[in-house]
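Supplied in structure tokens, the structure appears directly below.
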Amino acid sequence: MSLQTPVCVVVGVGAGNGAAFARRFTTAGYRVALLSRSGQVTRQLAAELDGARAYDCDVTDAASVERTFGAIRSELGEVDVLIHNPGSGVWGNVEDITPGDFEASWKTNALGGLLVAQQVIPVMKKNRRGSIVFIGATASRRGGAKTAAFAPAKAAQKSLAESMARHLWPAGVHVALVLVDGVIDSPASRKRMPDKPESFFAQPSAIADQVFNLVQQKSSAWTFELEVRPFAEVW
Amino acid sequence: MSLQTPVCVVVGVGAGNGAAFARRFTTAGYRVALLSRSGQVTRQLAAELDGARAYDCDVTDAASVERTFGAIRSELGEVDVLIHNPGSGVWGNVEDITPGDFEASWKTNALGGLLVAQQVIPVMKKNRRGSIVFIGATASRRGGAKTAAFAPAKAAQKSLAESMARHLWPAGVHVALVLVDGVIDSPASRKRMPDKPESFFAQPSAIADQVFNLVQQKSSAWTFELEVRPFAEVW
Amino acid sequence: MSLQTPVCVVVGVGAGNGAAFARRFTTAGYRVALLSRSGQVTRQLAAELDGARAYDCDVTDAASVERTFGAIRSELGEVDVLIHNPGSGVWGNVEDITPGDFEASWKTNALGGLLVAQQVIPVMKKNRRGSIVFIGATASRRGGAKTAAFAPAKAAQKSLAESMARHLWPAGVHVALVLVDGVIDSPASRKRMPDKPESFFAQPSAIADQVFNLVQQKSSAWTFELEVRPFAEVW
Amino acid sequence: MSLQTPVCVVVGVGAGNGAAFARRFTTAGYRVALLSRSGQVTRQLAAELDGARAYDCDVTDAASVERTFGAIRSELGEVDVLIHNPGSGVWGNVEDITPGDFEASWKTNALGGLLVAQQVIPVMKKNRRGSIVFIGATASRRGGAKTAAFAPAKAAQKSLAESMARHLWPAGVHVALVLVDGVIDSPASRKRMPDKPESFFAQPSAIADQVFNLVQQKSSAWTFELEVRPFAEVW
């Protein structure tokens, strides 16, 4: 495979969205780097997807992030598309959560996003192209009673993404934020909510199509914030 | 041409966005109804585009709207996609504008949107499919000192679109709002701002691609509000 | 009573908020002009409140507004505080409401606000003081399925208020918007919801205290948007 | 001084807002606990203000917070009003800031807010009264190019405050957020911007009046988010 093959990094690959993003970009001809803390899902997926590779990475740890992106650069090449897809956080109100829960949610969603983005910005800026897509949640817009740890973490991620967009768009780097509103379809969510109909769930492959569309947008009509939700969702 | 050919109605067709939407949907195989108050641009465009037809319509007048949609239904068939693309409004602060300016902006942007939507909703609901796309502006998010007539009209349009989305999505009808942030490229805007570089302007064809993408979204990941702006825009 | 006595105009006086505003400003030493379409409540209230006067006015009619403010100026003096407190609107989704409902809601909430404001702005600007307070609703932030007429009207009112604030603050005129979230206590609302506890309702006198506080704010820390809701409200 | 004297804790006391809050609540009859990292300003202020006491506290350190609030409880009594007034953060775009800057801003603004709030919530809930006021910034609403560390920290603080409000209001505890838009007057800001007129600056005493008004609001018309800015501010 030539060095010209574009490279997509998916940070946070589980059975849901992350895997769907990896499939979508593989189909489009990208080599995909699959990052997760414990590499089980990623290694199996890497075996399936042409050109993909799994990397174990703790995105809340600067040294681990630096090592991983060094390996990606030497093994796959410079990054064209970075997708930050952190796992969801801890539920609970301000009395339920511990300061540790609060910090862990922030580290995964906000600090991790900064660490991985800082790895790819210099080359993207130099080349005046590239895309950085943050997968957020509508919780970023509103602190709910039961999201005392999760909502502030998502609000920080969103704010960071917006700051980056304002700074990097004029340099030709497309930073975007996808707000997923609703429950993502997966074996786990089906098991948790066995009575919900098909229409209740957001399909990862449908979300992946929209992430891919963002990356394809012409620069005279770029989107920063994109919300997606199932048609039957009450919002 | 068979009755199965899908039909797209573009309300408000000038040389910019409206024409680009018409071209995009014609390319995709739609028959397009081109609506404008004075039919000059629309008739010329209808002559160019395969299957398109021009209709003179004052969207702020219920009787004119009813007549026009009756003609569309009998000549082209039921409407699959409705795009409300009202012309931009009057500029001025609260002391500059007259109550007449204020009313005219609202009629075009808000009342007109209601009148055309009410024409297509019954059949779309019955068939559980169809798309209604409102072309808005970021002025809808914020009343600026100099947009005392325009911003309230766009805010009302946005609010109506959101109300419709919450009501119609569960019935299978996709209502969406595209917020265009920036100056749309056209001979007129180039003449008004001769010193601006190419990168300053939003290209109608690029916006049209995004409107078409909305209509193609799978129903498990629909977007309501979509913002688009040129990469070089300061926001 | 001397011409120096400050004057407050309350536009839209029913048994709830409007009456409470009138009482609060009367207590603070203002002469209050009480405006309503049919003058029943206002005339009774004017008889109770020291220095108050009732005026019949249709705020959606420019001639009626001009006549009324001419009378206020000659009978009470120039206006120091203007409170726009339009009655609530029509409920219903996009299929329920008529274009007439949509227009009537907009006329009361948005056009009426412009008409009354334009009456007082010139003198307030000249004197570099005065307050214009719009009583809005949280519906202005969000188009709900069942507020297809009401929400767009409130969104337009809010946008107009914000445009006015940005234009008039630097000239020393304080424009503000109070978003009331919840059901206002009144005999009518108690009858409609007989099972709700006391804590469910927003008390007009408590809201009036906050409107008065706005008018008293020092100009180095002015508020534009102020939301108030009962502590027990779910939001 | 009786144990019935109400107690106000100001977290983050410098020469600007924090001192003004302390003066305002002292005037209103509160005993005020003045918290800062290095106790210089606070000790001098405590000597001036009747009943006030200075405490050295690192609000980003759980043990320090616990020790400090233990001392406050035994020396002044249970807390009636808690004001979280963190110092402002690091400026810079995503390329300028380090992960350390990003973390420090978040610790002061978000984690620190959680730690101090968790100290007072149990007793406030039990007594069904008390106020927790977060001093935020309009940066919380929008990630600017140059606020890559500050805006996400303020967004997290705001989201936490909103989550707490939704959870604690129904229990009778008033959580509010004051968004200060503009530059706060202080010897330091005057030195930094020597050419700005008086009207440019937000006066701490005027902001303190509004914080005090929040604490006085009747529970049938509570405010969550309160924005204040100088009348001459461009926004």
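Letters A, B, C and D mark the chains in the order given here, with residues in each chain numbered from 1 onward.
Note that in this section contacts are C-beta pairs under 8 Å (C-beta built on N, C-alpha and C of every residue); 3 or more make two chains touch, one makes a residue touch a chain.
All figures in this text were calculated on a predicted structure; none of them were measured in a lab.
Q: Go through the assembly and pull out the chains touching chain A as well as chain D.
A: Touching chain A as well as chain D, we find no chain at all.
Q: For chain B versus chain C, what separation do you get between their C-alpha means, in angstrom?
A: 34
Q: If you average the Cα atoms of chain B and of chain D to get two centres, how far apart are those centres in Å?
A: Each chain reduced to its C-alpha mean, chain B and chain D end up 46 Å apart.
Q: Residues touching two or more other chains, restricted to chain D: which are they?
A: Answer for chain D, listing residues that touch two or more other chains: 166.
Q: Could you run through all the chain pairs that touch each other?
A: Pairwise, the chains that meet the contact rule are A-B, A-D, B-C, C-D.
Q: Show me the residue ranges of chain D that touch chain C in the complex, using the header's touch definition.
A: Listed in rising order, the residues of chain D that touch chain C are 166, 169-170, 172, 174, 185, 199, 201-203, 206-207, 209-210, 213, 217-235.
Q: Spell out the part of chain A that touches chain D in their complex, as residue ranges.
A: 62, 93-95, 99, 102-103, 106, 110-111, 114-115, 117-118, 121, 140, 142-148, 151-168
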